[in-house]
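Chain lettering (A, B, C, D, E, F, G and H) follows the sequence in which the chains are written, and residue indices restart at 1 in each chain.
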Amino acid sequence: MKPEQIKQLFEEVREGKVSPDEAVQRMHHLPFEDLGFAKVDHHRLLRNGMPEVIFGQGKSPAQVFGIFQKLAERGTNVLVTRATREHWEAVNSQFPSALFHEQARAIVLRQDDTNSGKGRIAVVSAGTSDIPVAEEAVITAETMGNEVDRLYDVGVAGIHRLLSNREVLQNARVVIVCAGMEGALPSVVGGLVGIPVIAVPTSIGYGASFQGLAALLGMLNSCASNVSVVNIDNGFGAAYVASIINRL
Amino acid sequence: MKPEQIKQLFEEVREGKVSPDEAVQRMHHLPFEDLGFAKVDHHRLLRNGMPEVIFGQGKSPAQVFGIFQKLAERGTNVLVTRATREHWEAVNSQFPSALFHEQARAIVLRQDDTNSGKGRIAVVSAGTSDIPVAEEAVITAETMGNEVDRLYDVGVAGIHRLLSNREVLQNARVVIVCAGMEGALPSVVGGLVGIPVIAVPTSIGYGASFQGLAALLGMLNSCASNVSVVNIDNGFGAAYVASIINRL
Amino acid sequence: MKPEQIKQLFEEVREGKVSPDEAVQRMHHLPFEDLGFAKVDHHRLLRNGMPEVIFGQGKSPAQVFGIFQKLAERGTNVLVTRATREHWEAVNSQFPSALFHEQARAIVLRQDDTNSGKGRIAVVSAGTSDIPVAEEAVITAETMGNEVDRLYDVGVAGIHRLLSNREVLQNARVVIVCAGMEGALPSVVGGLVGIPVIAVPTSIGYGASFQGLAALLGMLNSCASNVSVVNIDNGFGAAYVASIINRL
Amino acid sequence: MKPEQIKQLFEEVREGKVSPDEAVQRMHHLPFEDLGFAKVDHHRLLRNGMPEVIFGQGKSPAQVFGIFQKLAERGTNVLVTRATREHWEAVNSQFPSALFHEQARAIVLRQDDTNSGKGRIAVVSAGTSDIPVAEEAVITAETMGNEVDRLYDVGVAGIHRLLSNREVLQNARVVIVCAGMEGALPSVVGGLVGIPVIAVPTSIGYGASFQGLAALLGMLNSCASNVSVVNIDNGFGAAYVASIINRL
Amino acid sequence: MKPEQIKQLFEEVREGKVSPDEAVQRMHHLPFEDLGFAKVDHHRLLRNGMPEVIFGQGKSPAQVFGIFQKLAERGTNVLVTRATREHWEAVNSQFPSALFHEQARAIVLRQDDTNSGKGRIAVVSAGTSDIPVAEEAVITAETMGNEVDRLYDVGVAGIHRLLSNREVLQNARVVIVCAGMEGALPSVVGGLVGIPVIAVPTSIGYGASFQGLAALLGMLNSCASNVSVVNIDNGFGAAYVASIINRL
Amino acid sequence: MKPEQIKQLFEEVREGKVSPDEAVQRMHHLPFEDLGFAKVDHHRLLRNGMPEVIFGQGKSPAQVFGIFQKLAERGTNVLVTRATREHWEAVNSQFPSALFHEQARAIVLRQDDTNSGKGRIAVVSAGTSDIPVAEEAVITAETMGNEVDRLYDVGVAGIHRLLSNREVLQNARVVIVCAGMEGALPSVVGGLVGIPVIAVPTSIGYGASFQGLAALLGMLNSCASNVSVVNIDNGFGAAYVASIINRL
Amino acid sequence: MKPEQIKQLFEEVREGKVSPDEAVQRMHHLPFEDLGFAKVDHHRLLRNGMPEVIFGQGKSPAQVFGIFQKLAERGTNVLVTRATREHWEAVNSQFPSALFHEQARAIVLRQDDTNSGKGRIAVVSAGTSDIPVAEEAVITAETMGNEVDRLYDVGVAGIHRLLSNREVLQNARVVIVCAGMEGALPSVVGGLVGIPVIAVPTSIGYGASFQGLAALLGMLNSCASNVSVVNIDNGFGAAYVASIINRL
Amino acid sequence: MKPEQIKQLFEEVREGKVSPDEAVQRMHHLPFEDLGFAKVDHHRLLRNGMPEVIFGQGKSPAQVFGIFQKLAERGTNVLVTRATREHWEAVNSQFPSALFHEQARAIVLRQDDTNSGKGRIAVVSAGTSDIPVAEEAVITAETMGNEVDRLYDVGVAGIHRLLSNREVLQNARVVIVCAGMEGALPSVVGGLVGIPVIAVPTSIGYGASFQGLAALLGMLNSCASNVSVVNIDNGFGAAYVASIINRL
């Protein structure tokens, strides 16, 4: 509820169109719809003009379908992350144009193709195994109206591979870097560019990687100052942050 | 060494002005100066046009002074973080205009007052004890040419304090949120704005705060998607990231 | 064994009805029954007047049935937590009125509908995925004779959703708050009410949530002083604590 | 701002006493005072009728004095926790009746001797070394208007000491149990009573106690269902929770 | 190789029966047999007169059978811990008298019924779920020639159950205590007896039990000085230690 | 209170010497003395016939002296562990025969020289830096009436040093092994003997030793089955366990 | 790109054979081939003359086959680690001479039998369960052209087994030691030899082994100075390091 | 005791020069000297021909002097690591040629200038703050007879600084890389060379560096296969390993 609306309400009260009691009621009336298991929040949608997102993990196909249907009515893009093929089958029956990006584990319904970014987003990954997380970032960023460049398999133990593809970084306005194991790539990338780097630790590795903890700690301790970090395997979050930066 | 310089070099070789041997030598000649204990990197300075920064912790006053003097010659702003009064005294003798911000533990030499940000940066803190970290962010952001608003002591257990000061958030282009203990403030702020939120866990707390680990984990798991995180107590890093976002 | 009973015993000894030897024996005779695999403790039942509870996890349907049968004879309510459908089927054959609450993973046999609480208990949850833990709390609290209000999906990143439902909190005598990820909700709720808040971290999340550790640490470090904490996913324990508070 | 006040405001608008613009302004006017370094929140005071509390750790004597003076004006009790003798000296000059409880590390100004509890609070501690935390709980509970009984040095390795003092537990309405090392005492106490037990892990111990982590984990895993837990060494928090329970 | 054997060898050399070269060879000849995948060590058997033990976990039925067969030839008792039904079936075909203790996950071949203990061993467990670990201890201790008493389901939250069965403890020469969750039972038992208590943390619990870590830390920090600890779920190790103590 | 005493009480009641009311009172009367800050427990002393022990750490010299004086009256040996020179000076004024073992950080008052052990205890340490913990074990064991042999600086990286001193191990009835860093020594010693090995991890090391955690985990995972473990740096506890084993 | 090649390029420019623009292009032309999902790096191959290695875990049989085929063309040995039988079946169809070492979980294609090591590599393991990791090291070292000796099941609790096989260590130029549980073996081996010891912690163990963390920490804290450590279960890495040492 | 000596002994027995009893005695006579607090092990010295090393930390100046004096008699180099100026002053009085390397915290007595390495060792460090650890490695390696090159302040966030100094790496036979914070440098260096890289995590950093844990985990998870790791801040160990590799 914006200040103007509140002022409007006061004016209607002054004009006698609305009684004080009714006004108090209206102030508490906020536009929620109740699906029984999740309150869909239109406010957030209005607030930042971005597609609504469903976190698929742990939800049944029927639950995903229920929320999806509700959100799709608004005409924006709809994104399901951590989606399974079963989720997609539940959605696809009624939304045949919804696509399933298997590697990214994402369902996308494009209803709005506006390019809302002011530059390109580069998504960089260290190893082949980090690609699912990187793809989640790519699909998210694209669904949020950005142009995206991929630069995969450029881990720090073969630094010339990264260096020989620097132009991808130079064309970007924001960079997302996904890496597991020692998580060193964001530091190196951060040193090569003067733009924001969003680091995504991945759970790739074994033993002392402790499901991505090693990469996470590495990124938090990055000696490159333009690096900030999101949760382990959170390709979606990195792309969300990158998208709102790219709109500024 | 930029592609144009390389092309220029090839052209001089073609024209016979430079021999192949000399050209190879030149290519390896990179503009470092050697202070004995730290190689000052002018490249980074050129690359992103930001002031050079000295991490004061663990360095002797003499070391800080040596690096400071070298960097100050270039005419940019110079910032020393994690600085002590002893560091400042070493610097101040020769740089009387250098200021010591005690709460922020920072020394600043302003030689360049350009406003290079496109909007304002809001620095928000949860409790009184988080202020040193918040001030490090404020001083860093200001030294990097940004206009900054402070919003302090608005922890989540008194949510109305934050809500009644929302206009600070609404005027910002980027928000930095510093919080210790449970580290919940970035999530709440993230839900109120549609712009990037840089979260800084602080080491404030005791017992199960584990020197900021609780706050760090909380922020990494934020349910607000526009939040990214830097290291515990890293007010500088948060301001650095915010500054480069604010320049885009 | 209550002091009155002991005094009674001494009196019988004085009156010669009981010999000293027999009295010593009686004092050691405590009312246990031995089921072979678990000693059912009637004392606890008598002590606090609450239903006996079976922790279903790791027990076979036959074991659950055996204990259930024994406890049901006493006429109190019986609750099985962490129950599976298989547990319920084992119980249901002989106790057709026992209900299985699938989402709460709980079996309930109501034999006593006394309302023993003096006020209402509010059960609040942050996200859709926290509902199973919240429901365990709801079912437990109801089985223990309380009136319960649910307030679900009011996570801190959409703080207006919580604020617009404050009346649920205002009607409560005790509040249970279930949250995973960053676990920030109890702090915000704690700041809105002047009554006890029992915080339940859930294992919901991924990566740096470390199976609920992030939420647990967040809640232990809550800046709201009216918050105390139970184990991760322990909806039962929270409701147990809330119930004994609500009886005071 | 209570609903009645809002309704009042609407009525003044209807009656033309207040213009809509002014009304919007008033709604945003919340009763904060700005001390420069900490916003004193009268709302919280009103909300639960308890004394305001200053967390002394990390604050200078001057800061503590500044906040203390402000809060003392309201006529309620004032409590400083984690206080040092230096804090007290700063306070004592102007508030000669303020007492310093050295073992509890607490400063108390009694201005209100109302007994607001409905029963007694028992504070139990396992070892001699846990007493400072226990005393913090005692002083806090007393300052909040409760009658308190101490039961110290009744660790589980000498279980008869606890059992022979059961009457303290039986006279209580709420129990606070402080224990370091293995943190087992709350479980044993929890099994002896049918009332809420607030467990406080202390940082007492060495080696694998990990500054209270062992005790904390022990208490979170208590097999007694009436136990909830606060942060390590948080005697204040335990007493705060116990006090609001004791008022119900 | 015992000193007497070495002296014997020197004497044979002096007598000319053995050449120096041959003597050197003999000294390096140690009585191993090579099964290809595991060197069976008869020395250990001789050294302490105890049955040889096979750790079944991670071994195939064929591997277990191979080692079992080799060891059984020596006429001592043979014990397989962490055994599965498949292991037992592989063994049983050729050793029909070998028993499978399902709850203890142990296979036992009794070939020697000597009672080698000087007193009784009590095996105490906190909850129903700890019984498999306790049974591993019972079966191990019995196989090693001890008389064993069980005292199960006497957790600290119902302390009278333990107290009313103290005679089991009083009859013992060594006590083994198995407990998960908060792991408090060994401290209480340790305080009741003046004999060695071997504590076995179990992985029973959930959430902040961290697979037995909470119990382990609790036991290591026991305030009872007669407690020493073995690895999580290591019922075998506890019984082994108890057995060699009971032989002293 | 022993069963005979209870029977005696019943008899006095039968004989009319004691009224039932008085009998109930007597049953609750247990022989504690209250020093104000610590209840001295004579029961424990009687129970196991061992000297009373004061844990000096965190106690003031006056507190130590107060408890010491009380305990010394009983004529048993008195031991203060984690003692400082200041503790000793407070004690020494009145107890000139009390000795301060600086390396062991222990004060000992010998009033009873009974040898209560049935064999010798060997105390083995890995490195020079582990000696303080080893000495705490030695002094404790001697004060508890045992004959002790030291075997120091026999770490596993020079295995021949241990092997060439095996006779110390062979003469022992119980072995205590103190080691920091990787904590491997108990496993090797455990493999050389057929008697109980009490392992004491020490906090010696740096970096990834994590104040003794590495050694602790190593010892808990020992592949030698006759090893049990006490807390980090707990030389006292190891000697206490060894002493009660040596008395059996 | 080597300096000679660059000089060659400059000379071609001087001679007018190559234009400056073309020269800049060539400098950026690096010999990658793009398989779509992984850039095969011939440079690394050239750099150290070793076989290329595919980390099989998490890759589909088709992916493994694709990379394998590409690499096999170069005529060097090809190694797939963490390989499954499915991987091998995919490879075997076209490469019938590729062998699957099941215990080592490795596929090897020998195309080059050069012995490139200057001495022998000893691979030592503590227990039967560590053999898969040890075998990964053996197969890797052999594929990289080394002669390898196995010394298995020589854990520290039976130290004479290791000592009686010292000649294997004495014949080696580098030693690899694999151990789980307490991870003590590398320290003992390190003390017996004057050559490099590469320690491999394995995830063998249970409870407080924490999936190899105990062994890892033990090895990092080794009191033998000639020990360095690789990741948990990283038999491949240990053999790689050993191989390049053995070539020096 | 070498096999030849044993054979010699047997021969003397055969020849009747030595009786069997005496021979057994001699076999147990190993050349130790007992300083009271540390057994100096000449064997190790003989075994690998390297200087003896004293770990200074936690030792008194008198202890260091005592061991130093004993070792210096043998004519080899003597090194004290983790040494303080006080250690040096104790040593210097009698050994005026002993040097104190303050930054490396090392005392060196050169009595043997043999160059025993076959190539050069490069010591690389990431930041200015890592230099003390790097210097410990340099001084150790030099004392052990190696030629050493330093390459300092070449952290990964300015990757061109490392690349422009590659010739230092190319001239080396072994590389030691010291890095704190994210610990990424060894991976990058490992990718640039085909020789062994010994990685030393340093405790440099703050917050989520957890005293070097982040760097340690990063290095253990290195994607470069030629990297092995030593303990945090263990510059000595890295140089020791590098030295024995360089002698091969």
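Annotations for the structure displayed:
We take it that a contact is a pair of C-beta atoms (placed from the backbone, for glycine too) under 8 Å apart; a residue touches a chain by one contact, two chains touch by 3 or more.
From a predicted model like this one, the values you see are computed outputs, not experimental measurements.
Common neighbours of subunit G and subunit H under the contact rule above are A, B, E, F. Counted by residue number, the contact pairs of A-G are over half the same as those of D-F, the matching pair from A-D, D-F or G-H. Set against one another, E-F and C-F show the most C-beta pairs in contact at E-F. Remark: rotation between subunit D and subunit F after Cα superposition is 90° (nearest 5). Chain centres here are Cα averages; for subunit B and subunit H they lie 38 Å apart. If you average the Cα atoms of subunit C and of subunit H, the two centres end up 59 Å apart. As a whole-number value, the distance joining the C-alpha centres of subunit B and subunit C reads 49 Å. Contact with two or more other chains is made by residues 44, 158, 191, 207-209, 213, 216, 220-221, 225, 231-232 of subunit B. Applying the touch criterion to all chain pairs gives A-B, A-C, A-D, A-G, A-H, B-C, B-D, B-G, B-H, C-D, C-E, C-F, D-E, D-F, E-F, E-G, E-H, F-G, F-H, G-H. Residues of subunit G touching subunit H in their complex: 44, 47-50, 53, 118-119, 173, 191, 194-196, 198, 216, 220-221, 225-232, 236-238, 240-241, 244-245, 248. Of all residues in subunit D, only 3, 6-7, 10-11, 13-14, 16, 19-21, 23-24, 27 touch subunit A in the complex they form.
Residue ranges of subunit D in contact with subunit F, taken from their complex: 128-129, 131, 152-154, 158, 160-161, 164, 204, 206-209. Touching subunit C in their complex are the following residues of subunit B: 126-127, 155-159, 163, 180-184, 187-188, 190-192, 205, 207-210, 213-215, 217-225.
Interface of subunit E with subunit G (complex): residues 28, 30, 32, 37-39, 41, 43-44, 57-59, 63, 201, 203, 211-213, 216, 231-234.
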